[in-house]
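The structure appears below as structure tokens.
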Amino acid sequence: MLDQPNQERETYEELWEARRAFEEESKLLAKVFNDPGIFDLEVKKIFAKSWAFLAHESEIPNPGDYVVRRIVNDSFIVSRDEHGEIHVLFNMCRHRGMQVCRSDVGNASHFRCPYHGWTYKNTGKLNGVPFNKEIFGPGGINKEEWGLTPAPKSGIYEGMIFACMDPQAPSLEDYIGEAGWYLDFLLKKSPAGMEVVGAPQRWVLPADWKLSSENFFGDGYHTQSTHMSTISTGIMRVKKVSYLKDGVQIRAGIHGGGFMAFKPGTYLNYPRSIVESMLDNLNSDQVGLIEEHSILPLNFTIFPNLSFLNSSLVAEQGGRSVPFLSMRLWQPIGPGKMEIWSWCLVEKDAPEEFKKASSKAYLSTFGTSGTFEQDDAENWRNVTKVAAGEMAGRHYLNYRMGLDHVRPLPDSEWPGPGTAYPKMYVDFAQRLFWSTYFDHLLK
Amino acid sequence: MLDQPNQERETYEELWEARRAFEEESKLLAKVFNDPGIFDLEVKKIFAKSWAFLAHESEIPNPGDYVVRRIVNDSFIVSRDEHGEIHVLFNMCRHRGMQVCRSDVGNASHFRCPYHGWTYKNTGKLNGVPFNKEIFGPGGINKEEWGLTPAPKSGIYEGMIFACMDPQAPSLEDYIGEAGWYLDFLLKKSPAGMEVVGAPQRWVLPADWKLSSENFFGDGYHTQSTHMSTISTGIMRVKKVSYLKDGVQIRAGIHGGGFMAFKPGTYLNYPRSIVESMLDNLNSDQVGLIEEHSILPLNFTIFPNLSFLNSSLVAEQGGRSVPFLSMRLWQPIGPGKMEIWSWCLVEKDAPEEFKKASSKAYLSTFGTSGTFEQDDAENWRNVTKVAAGEMAGRHYLNYRMGLDHVRPLPDSEWPGPGTAYPKMYVDFAQRLFWSTYFDHLLK
Amino acid sequence: MLDQPNQERETYEELWEARRAFEEESKLLAKVFNDPGIFDLEVKKIFAKSWAFLAHESEIPNPGDYVVRRIVNDSFIVSRDEHGEIHVLFNMCRHRGMQVCRSDVGNASHFRCPYHGWTYKNTGKLNGVPFNKEIFGPGGINKEEWGLTPAPKSGIYEGMIFACMDPQAPSLEDYIGEAGWYLDFLLKKSPAGMEVVGAPQRWVLPADWKLSSENFFGDGYHTQSTHMSTISTGIMRVKKVSYLKDGVQIRAGIHGGGFMAFKPGTYLNYPRSIVESMLDNLNSDQVGLIEEHSILPLNFTIFPNLSFLNSSLVAEQGGRSVPFLSMRLWQPIGPGKMEIWSWCLVEKDAPEEFKKASSKAYLSTFGTSGTFEQDDAENWRNVTKVAAGEMAGRHYLNYRMGLDHVRPLPDSEWPGPGTAYPKMYVDFAQRLFWSTYFDHLLK
Amino acid sequence: MLETSVATYWEIYSFLMREAELLDEGHHREWLDLFTDDVVYRMPVRQTREKGAGDGFVKDMSHFEETRGSLELRVSRLETEYAWAEDPPSRTRHFVTNIRVAPGEEEDEVSVKSNLLLYRSQGSDPHYDLLSAERRDVLRREDGQWKLRRREILLDHAVVTTHNLAVFL
Amino acid sequence: MLETSVATYWEIYSFLMREAELLDEGHHREWLDLFTDDVVYRMPVRQTREKGAGDGFVKDMSHFEETRGSLELRVSRLETEYAWAEDPPSRTRHFVTNIRVAPGEEEDEVSVKSNLLLYRSQGSDPHYDLLSAERRDVLRREDGQWKLRRREILLDHAVVTTHNLAVFL
Amino acid sequence: MLETSVATYWEIYSFLMREAELLDEGHHREWLDLFTDDVVYRMPVRQTREKGAGDGFVKDMSHFEETRGSLELRVSRLETEYAWAEDPPSRTRHFVTNIRVAPGEEEDEVSVKSNLLLYRSQGSDPHYDLLSAERRDVLRREDGQWKLRRREILLDHAVVTTHNLAVFL
């Protein structure tokens, strides 16, 4: 009976072999996109270990403001206390486990648990316990000990609030690492910083989170086919379908992204005030890329599942391109299933009409109803569907683009950290994603 | 590869540690409320081993009457034969496994299986086999051998029909044990016994069965917060929100419950006839509690998931409190999901108008649309939801109420069996529930 | 901790014991009809190893025609190339795994993958790779190597296109083996061969695939009860409810079926032209059975889940019986759940009005709305439901019909291959199904 | 339906549309104003029974068995700040179709049947509940206004498929 | 819709409401009385096809392809005590909306489109099925009575998502 | 509803029925013709909030925030052969119920509320999506024709439960 089945052992051995095949032969086992056993491992080995984005500071601007966010299945309250300090609190009562806060957003100095009425300050401190002395004895309960549990780790990077469930994890700064230099382009076009427009769009997509993450790591190649309709209808104003071919692909630590060229002087049609503050606010190396090479980051992804998109697109028949920045979280909710959270961000000090136009450009092209997002999602949900069977356990995908003939830019030609490749139609960033993925899963 | 994952081993080890933490530190691992692996164990180690309530005799008063009931996923026919004897039969045809009876309730002397037409008496005896000799040979099939399978064990306690899937289980009487003395208050207010009003209400709740069971074991504390709305609107007629604080909590064998005080002489507003038969029918110790201490059992739970509630509440704006008895089964149907079955019982010989008023008081406050039940359910489904993630695997809940300063009543002060505590805002009964739970799971 | 649970080991041991009980005591453990662990094994040990029916040649008559079909969760394109040759291609792009073809049926010389625009010939050959040289270097990708993956094995039997995911599997001819002699009756009534009428009906049934397979292996016995309504209303024109009792049951290799008698000279009311071609086209042994014994195959099943039904039934109040042939695939889609695909086939050269009448007779009695199918499905979904619990793990079903008193026909009395039994109310064919089933599962 | 005039139908239609709107917008107090003082509002428990044994509705037990007084008490509770089960509130949508109007037993009454599909979602997970029922109403004209005199909600379920009936149908 | 008068619409509406009620109450025999003798009642099989290739309805295979005679035979079967699949019966609710009435091809006919959402539950587990379809009917006036002359049920599914079509749409 | 005449109601009903039909049949271009040039078409994002904090609709972010120009651009895209997400197309069914018509703010306008249940299936797996919403429309009469001047789609979901909004509500 030695040959008796053991699904977990099989999954594990398959993953070891899949990693070898990827590292040695640059081919990826399709099964990773839809397998319950692998999903369970991802939750434990990746999402319980990595820094996860929760909210942007501008979503809770005032004392008492809070939002409730998730890491996979874990609910956290992200609150701003009366002193303006931000707290990330596991949203489960310490008494009998009731979900303390059941709304997505609001303003409260205290949270009252409905079950037995315990109240907590928005700092998490246990504040009130009905009949405390009568139930716990003369001394009452030790309120210091029984406050809401803070996230094992939390931190803020450029207004972005993150948490991590692994107490041993590196600091947020170290985690972002070299990616920071590139995020600057997205988040520091103005010294005033960014703000979220309204609230995130949220929707459910029956697709694996890794498909969207790797796409936003570096899949410039898909635009000439997946997004053909946006080119032919002038939503994306470009001369040729291969407009992204000659971008730059980036590997920075365990994160990755890409640069796209813009028509010199146009700066994606950003308003003059933003262009000025951008050139002013970024360092000389960064400005060098903009001014001398007319390129700006188009896409960037912080491992595992937080992506950025900074593009300039047309929302109105015959209108002009308007730039926007979208931040999206590919929140897994089950094998082959995710809940997408997509935010639109604008510079706090941008002109009001620009903010409106920018968010309109965003929602027309990305997000729930976006003309780009629709076709991306169509790919991702169908890859996921066809990866569910037996054949996917033997089917290997091709990750060799650029491998044999594209070389990284020498440091002399690239001022930024990490590694830059003078093409966008390559797999270097995606390969980084998968190497990192296997490292985590099989650690 | 020794570190390869083994979910079942992990679950098992987590449970051993959870038990230790509970017994030694009085804290409960939140994860037990929503975990597929733990749920599978519960089905095998608890529900396949314990006595399960199926139906009340009064639901099948006449020869031929039957109801179809379940223990988790197992369907049983509970029938009364022509001699008035009750049978509990696994509802699967012995031939090819068809569900013999597909309705919830009815009257039949025989059950005919649609697939091949075998017929069984309502005693389970195989009665007819079409073409018997032609298919099984001259002798035909041995009908004695091939009747419907009776539940491994079944029994009746005070009109309540139970079954158990473990042939080694103790007798029903031994299983109820000391709890019987307390059930008397609920079921023997009249020598005529109880009857079910109409039929049970049934609904699906995405919550773990243990939350409701432990709540009905002894959570008097939640009433001052969860049910505040019923106090403020006079559905519960009390002077102070802490009306339950000074009740009595009971541990009886592996079962538990609590007593609540009533205004001397009111007897929860039971009709005179019932009050008289109650004082008459119960023994002197029991009457002593009623007459000298003006207390009656409010809640009681037979492990694992059969609960009772005997309260007196207001249904009509400005109306008066009317007492009722509800019996409820917290039927698990999956991890973090249950189907609630809730019955209303009245004394067979109670005045008709009281029966009406009592069932109205019941359905206004408990059951599908009940003003109490709604808020209980809100707690339970949200605990369950927030217990689904990683954090719940490290999150411990507090079960220390009364632990340090409340002592059991000395036998001299308490006539009943088991242990009584002079408070309701304590965790002694709930602790009994959890100790029993871990004993079963890790046996 | 040696007694720690291991579900997979338990499942495996249960199956060994179940096999023993079946082989030695002719009783079947009911649990096999609804258990997630067993289902996973079936997918791996049966559906990934056996020949699976995909489509009929007549569904893709012209060059470029294709249909998309599944084996459990694996999607395959079945295409006819410009030379009329048929290809079975795994429907997943070799690049990044997109489902290449997302429609059920159509005509195309090429398939274009939307994600990055790779195109494949309908032979599977990789045809176009946008920017091939720029992404893969001067040589471009090796197109021979990166075409769509053909099914490990595929083949055509009498117009029926099969595939198998096990490269080591025997040839399709060997797999069909002795069953071929019986399929002739169904598929060769005319030298012109068969054609599908329109397209298959498809619907979802919460029932286990094995119930319908074993039923179509040989359950003649159920007709006198399950289908009583069709007898009493004259949909099935027979003198007595036991019309199938004295049929013939067949075991042929790992496949099985049964013969039913027809009124001499009526030939199920087939049109004269078909009767003639049938007598002409079949061999003398086959014709002998028809002419001398007036029997024709009613039901036949190719292991594991492809069944045939050739009956003659009434569609119109007061109308006459019209013969039809249905082919059905019991496609598993999860534990206790299947998607039924049901085709109606007619002789290519049959009179047009007969084709109409035949398909009308079919859809009135079988398929989605069929008066027979409805009651079959009712049995199967309820067996499945009641098999989900604990009791089914101890509940054994009876497979002893005919075992003690019915002997196979001597070769002298039966011209066909395999073994024939002079009764239909017996379990010999079903027993073959289950022996084969356990052989696969525990191999 | 032809037993009554289009005009009457139109009035009843308007009444039911307004009623559904009040419920979906959470105006329970105003909703009560649509009832007569002697309103009977009930939803009997249903069981699965053999075809021969009728529709399975139970005479003696209901999910709702309401008078004006008990409905008012329910609404009062919902108006407190402690009605946790409905805070955050359910998002309901009453899809009212197949309205059939016939003369009532009383001179000033009409009897109205309608089909109700109730969509309910609460909180932010993608799950939603659907309840399907036929409603049998009696409306009475009281000083020029139609009022709900009686409502019987006949669920198409044996097991209620939502976590509670804190919402009205 | 404006091609016909409100009066005609009202008659058709009443007809469809009564028809749905008969089905939901299991009065199949009376339901048959609503048909002409030459009624055509069909539900074609549907496949998923590329946009350019049309709506995917199959010419030669249907889920229903009924005449009066075959409908009567189906109803007769349902009336026996052996129609296991519908005993205990399904609980159905026909939600008929978006009724659109236009003149028919024949003088005495109207052509009617409607949307149908069919809710179905059976037995006592919480599961239910929903079928969505457009129905294209032709009604003919026969001695003062509207009768169903033709019905085409155009499902919005490629795979039928209920365990059988023992119920009518 | 009684604030407007049956006649007006009938016109609006006809308008909404035709609109739904155009959408369900994929005639997006004709659908655009039903709009005024200054149409405002929006679907605000919704969040779960405490009862006291209102209905949770977000002022500054929407799922749709359309003008005629942006709707035309969306339709143009759907008309290309590269609109992969809708090829094979979704099978949608717009169930429009609870239509309530009231006078508009402008002389030549009416304000219309309706309930919408959108059924959507795509491809051949049995899965389907349901979206539930109230629509608040303003229709304006332009040279004898009603046109859609404004539409606000108020979803009953916080999280959109379909894979994209490539379809219109």
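A, B, C, D, E and F label the chains in the order they appear, each numbered from 1.
The rule is short, and it goes like this: contacts are C-beta pairs under 8 Å (C-beta built on N, C-alpha and C of every residue); 3 or more make two chains touch, one makes a residue touch a chain.
Just so it is clear, the structure is predicted and the values come from calculations on it, not from any experiment.
Chemist: Among C-F, A-D or B-D, find the interface that matches C-E: by residue number, over half of the contact pairs should be common to both.
Modeler: Going through C-F, A-D or B-D one by one, only B-D repeats the C-E interface.
Chemist: Have a look at A-D versus B-D and report the one with more C-beta pairs in contact.
Modeler: B-D
Chemist: Take the average of all CA coordinates in chain A, do the same for chain B, and state the distance between these two points in whole angstrom.
Modeler: Those two chain centres are 47 Å apart.
Chemist: Counting only residues that touch at least two other chains, what does the list for chain B look like?
Modeler: 102-104, 114, 202, 204, 226, 339, 375, 378-379, 385
Chemist: Among the residues of chain D, which are close enough to touch at least two other chains?
Modeler: 6, 47-50, 82, 84, 86, 88, 95, 97, 117, 123-126, 130, 158-159, 161
Chemist: Per the touch rule above, enumerate the chain pairs that touch, sorted by label.
Modeler: Every pair of chains meeting the touch criterion: A-B, A-C, A-D, A-F, B-C, B-D, B-E, C-E, C-F, D-E, D-F, E-F.
Chemist: For the complex, give me every residue of chain B touching chain C.
Modeler: 8-9, 12-13, 16, 40-41, 43-44, 47-48, 71-75, 90-92, 94-99, 102, 113-117, 130-131, 134-138, 141, 146, 149, 165
Chemist: Help me check something: in the complex, which residues belonging to chain A touch chain C?
Modeler: Checking each residue of chain A against chain C gives 1, 4-7, 30, 33, 221-222, 224-226, 242, 245, 375, 378-379, 382-383, 385-392, 395, 397-398, 400-402, 404-405, 423, 425-426.
Chemist: So in the complex, the part of chain A that touches chain F is made up of which residues?
Modeler: 102-106, 197-207, 226, 228-230, 232-233, 235, 314-319, 339, 344, 359-360, 363-364, 367-369, 371, 373-375, 377-379, 381, 385
Chemist: Flag every residue of chain F that touches chain D in the complex, lowest number first.
Modeler: 1-2, 6, 47-52, 95, 97-100, 113, 115, 117, 130, 132-134, 156-159, 161
Chemist: Where on chain A does chain D make contact in their complex?
Modeler: 102-104, 114, 202, 204, 339
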